[in-house]
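The first chain written gets the first letter, and so on, giving A, B, C and D; residue counts start at 1 in each chain.
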Amino acid sequence: MADLKTNLLGFVMNSPVIGASGTVGYGVEYEELADFSKIGGISGKGLTLHGQYGNKGERLWETPSGLINSIGLQNPGVQHFIDVELNEMLELKQKYGTVAIANLGGHSEEEYVEGAALLSESAVDIVELNISCPNVKVGGMAYGVKAEAAGEVVRMVRAACKKPLMVKLSPQAENIPEMCKAVEAAGADAISLTNTFQACAIDLEKRKPVFNNIFAGLSGPAVRPIALRMVWQAVGAVNIPVVGLGGIATGRDALEFIMAGATAVQVGAANFANPRAMETIADEMAQWMDAHGVKTLEEIRGCARNAE
Amino acid sequence: MADLKTNLLGFVMNSPVIGASGTVGYGVEYEELADFSKIGGISGKGLTLHGQYGNKGERLWETPSGLINSIGLQNPGVQHFIDVELNEMLELKQKYGTVAIANLGGHSEEEYVEGAALLSESAVDIVELNISCPNVKVGGMAYGVKAEAAGEVVRMVRAACKKPLMVKLSPQAENIPEMCKAVEAAGADAISLTNTFQACAIDLEKRKPVFNNIFAGLSGPAVRPIALRMVWQAVGAVNIPVVGLGGIATGRDALEFIMAGATAVQVGAANFANPRAMETIADEMAQWMDAHGVKTLEEIRGCARNAE
Amino acid sequence: MRAACCEATVLSHESILPDIRLLRALWPDREHAPHAGQFFTLRAWGADEAPFLSRPISVHKWEPETQTIEFLYQVIGEGTHKIAQLKTGDTFQLTGPMGNGFDIPALAEQYHKIAVVGGGIGTAPMYQVTRELAAAGVKPDVFFGFRDTPYCMEEYRSIANVVKVSTDTGAVGFHGFVTQLYDPADYDAVLICGPTVMMKNAARICAEKGTPCFVSLEKKMACGIGACLGCTCETKGGEGKSVCKNGPVFDATEVFF
Amino acid sequence: MRAACCEATVLSHESILPDIRLLRALWPDREHAPHAGQFFTLRAWGADEAPFLSRPISVHKWEPETQTIEFLYQVIGEGTHKIAQLKTGDTFQLTGPMGNGFDIPALAEQYHKIAVVGGGIGTAPMYQVTRELAAAGVKPDVFFGFRDTPYCMEEYRSIANVVKVSTDTGAVGFHGFVTQLYDPADYDAVLICGPTVMMKNAARICAEKGTPCFVSLEKKMACGIGACLGCTCETKGGEGKSVCKNGPVFDATEVFF
């Protein structure tokens, strides 16, 4: 049987399949639905220093093979997370070994730093710095576009945070390789990409944009080929691990990212079409590996780059 | 009955629906399949000064609600186009009124200028300058990313070309509004966007990228929400007409672009799923308009921006 | 007890009206039995097929002995059209039970005169509600409003005290709004499911009369289990609650304010 | 005469082998009649459903009197699986005829001893080819290779001179390659459709013996009508040709070099 064990920043995960931030709550919500022993980790819903309600108006919109969301980082705040939700994540970890990842957003550099400092003192395993949320008007996104701005905020967070730091990139980055290099240079331990793609939908009957913010974030299988391209670029640009995501819905999808060089993968929107998507993806990866005589992911990680 | 007549750069088209470059040959290929009296114009296959074979290896790959292509601007060259294919386009125009658009790519500024100068002397109606093809290694793409580079090449082509000039943008542009402003300032008469999205696919069995160039261009309904967002940004950034495209497959899709402010739309990949897509889209637009008491496109063009 | 995700089998599938269907399915998971006001998400198409999201439908009736669940639903768009294609013996993806539902034991203990109010397809969950109330010893009065043609009303006679119907067209029963059928002052509590305007109206009248009112809300849902925050509704406290997890049933004063 | 896009009706649909199907459909467009070696694209699913592209299938048999077209195809992946679901009376999107096909009148006039060679599902177009050749007065010799089990061979007896079969497993007929069944030197022309390696091999032997050889190529196709340049094959001249429009039938020396 193929061994899916995956070492991410020193944590040995049961599989490379991580629940993507914002789609799996803090893990417990899915506990009875999926076999967590096959899930590598959970990235919790994106946090901001202070809790917030998120966006008003429409929050979800279906598109061909995709979903646009405009949640707007609704969350209970970092301290509440540490007091309550983190403990649930750690219980899951104890039971199943799922690595606990805190996803941190922010509206200013100060907020990022303060939130990261709090998480630094918590029992969370990894901090995923979200510099890429397209759904908050101020902040988030700005850092996701310009490499210098991203490097700056990562440097400040790095200084404030002793936890392994994974920086989550936006597909709106002006230049993916430069962005990757900037966050690596600023002290990131890993990179995850991509967050959602800035998108728009118009409600014909109302003759106005579906979302109050006009733009919102597209994800799901529709974006997978673009996300895979960006992951390919990221792996080529840096020496730190790259966690790939964007539209992964099957074991074959996940293996494409692994063959492009990703250390692990995250699964977001696919959880909505199949609540057992994460488990199914891990199973399908193992099946493919078994059928092809591949024993560990090391044997195939990055193999598609050999011809490069 | 709703009137779909659309004025694009002085040409009154039967409908706002234009066949997108590279997907409808030079029009004649589709003549027996679709009712051309409902089609506004045809943008011919992308030309380069000298004819070229295009890319070797896999050229087509299906993805969820999308298609990745790596044609690589196979074309007979500008002069051959003027001597042969343009005449076919003009025959169509005579029969049905479909505006003849020449799509021009290039590998260097000199090539762009030389090609544009030849087209300037031809009987073509509009020149669509493709500064955005993701499938040619040198050129094309470079101009599509940086606003200054784009402005520069548009300025040179503008000087060499008396024809109405529509500049076709890439979704890989670092900054869509800045890009739009740069090409407007450089003399573009209209903007069309988007071209295909740079994407990647990996063949698991071969354990290598599907395409020889590793990356190729994604289009089809999958990308529509992103393309619509960019078209929204473009309309907000410039005062010249914007022609929207990317994943349009139904009348409703086309109307979203019109409500975002697009003057006309182009239809690409959808022609492959339904050879009568262009005609069907025009019919569906008219049906929606009839059902909603909308008599002309002017009544609704850009209406979704009113709340802005 | 959280939700399970199972392959359910269609036992029967009836057309009640041109756009109304009654789907009976075998719910294989005995451990996850639903109660009144809860819902399931249904998916009668592949994970890779449109629509992207599964569709939430309330429990119309649940028979624990036979593990049979009934869904009463309206065919509206792509998702319900695909569900409507299911034939006896077909299987489909069923996830649930989800949501808090109505807390029938608590309601039956606290209140003695209960009005069950439904509008249109919002009557769907009210059958299980009425049954459970009756079983708990509190036969409610039932007031349903429809546009033109009432449906699935037969079985209420034995489990309700009173059953009254209104229609917008006057075709059947009282010609007018369902809210005109009863006076909240006569009741200890009012339970409502229907179009948002109707619920808001009914809740306002209840508030005026000081009668506790519980409403079952609808929001577009992605996960159905409180994980995505796609279905958040505004609450008086301002913090927002997930309709799928903290609801769909809310004290009306919490969500209409 | 270019292609038309019509809704075609299934007249019958047979399983020949577990993965081989024979689909008979009514092609409504009399003006666009196909000939041997041409193909249609089939779409038994919505324009908004996967797979994105329609699937090209050759004309196995065309009966002008009844406007009946037959497709013999192998169920391989998503597209052919969906086509395989079609039942008698169903309609589907059929576009064609496409491609040059074999120029039977010219072939029959120029050549008198013709070998028709097919490999596996590559035999599908060869039935119409053989019929048209016979009708033009040149009954060909037919040589087909299969992996294990030949299919749809019965009707060749009356329209071919000789019919010989080889199988990879030796289960039926000659145990070996189809190229071992005949000597190109005995023929004025060889017409081939089958796996690329097989065609290349056969074409090489023909070239050695100086026998003209025509091959029917396969390439992934998007438009099928020469508009997208997705199906370009390399040609001796270097300019590249569209398999869908300039082919699928080529003089072997043009494409295998």
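Criterion: a residue touches a chain if its C-beta (ideal position, glycine included) is under 8 Å from a C-beta of that chain, and two chains touch if they have at least 3 such contacts.
Just so we're on the same page, UniProt names per chain: A, B = Dihydroorotate dehydrogenase; C, D = Oxidoreductase NAD-binding domain protein.
Since the model is a prediction, treat every value here as computed from it, not as a measurement.
Distance from the centre of subunit B (Dihydroorotate dehydrogenase) peaks at C, each centre being the average of the chain's Cα atoms. Averaged C-alpha coordinates give centres for subunit A (Dihydroorotate dehydrogenase) and subunit C that are 35 Å from one another. In whole angstrom, the spacing between the mean C-alpha positions of subunit B (Dihydroorotate dehydrogenase) and subunit C is 48.
Multi-chain contact residues, meaning those touching two or more other chains, occur in subunit B (Dihydroorotate dehydrogenase) at positions 63-66, 220-221. The multi-chain contact residues of subunit D, meaning those touching 2 or more other chains, are 48, 50. Interchain contacts close the chains into one ring where each touches exactly two others, per the touch definition above.
Of all possible chain pairs, the ones that touch are A-B, A-C, B-D, C-D.
By the touch criterion given at the top, residues 63-66, 68, 174-175, 197-202, 204, 207-209, 214-215, 218, 220-226, 228-229, 232, 247, 252, 255-256, 259-260, 288, 300, 303-304, 306-308 of subunit B (Dihydroorotate dehydrogenase) touch subunit A (Dihydroorotate dehydrogenase) in their complex. Only residues 48-50 of subunit C touch subunit D when the two sit together in their complex.
Those residues of subunit D lying in contact with subunit B (Dihydroorotate dehydrogenase) across their complex are 1-5, 43, 47-48, 50-54, 93, 95, 220-223, 225-232, 234, 238-240, 245. By the touch criterion stated above, subunit A (Dihydroorotate dehydrogenase) contacts subunit C in their complex at residues 22-25, 29-33, 45, 51, 53-54, 56, 58-60, 62-67, 69, 71, 74, 220-221, 249-250, 269-277.
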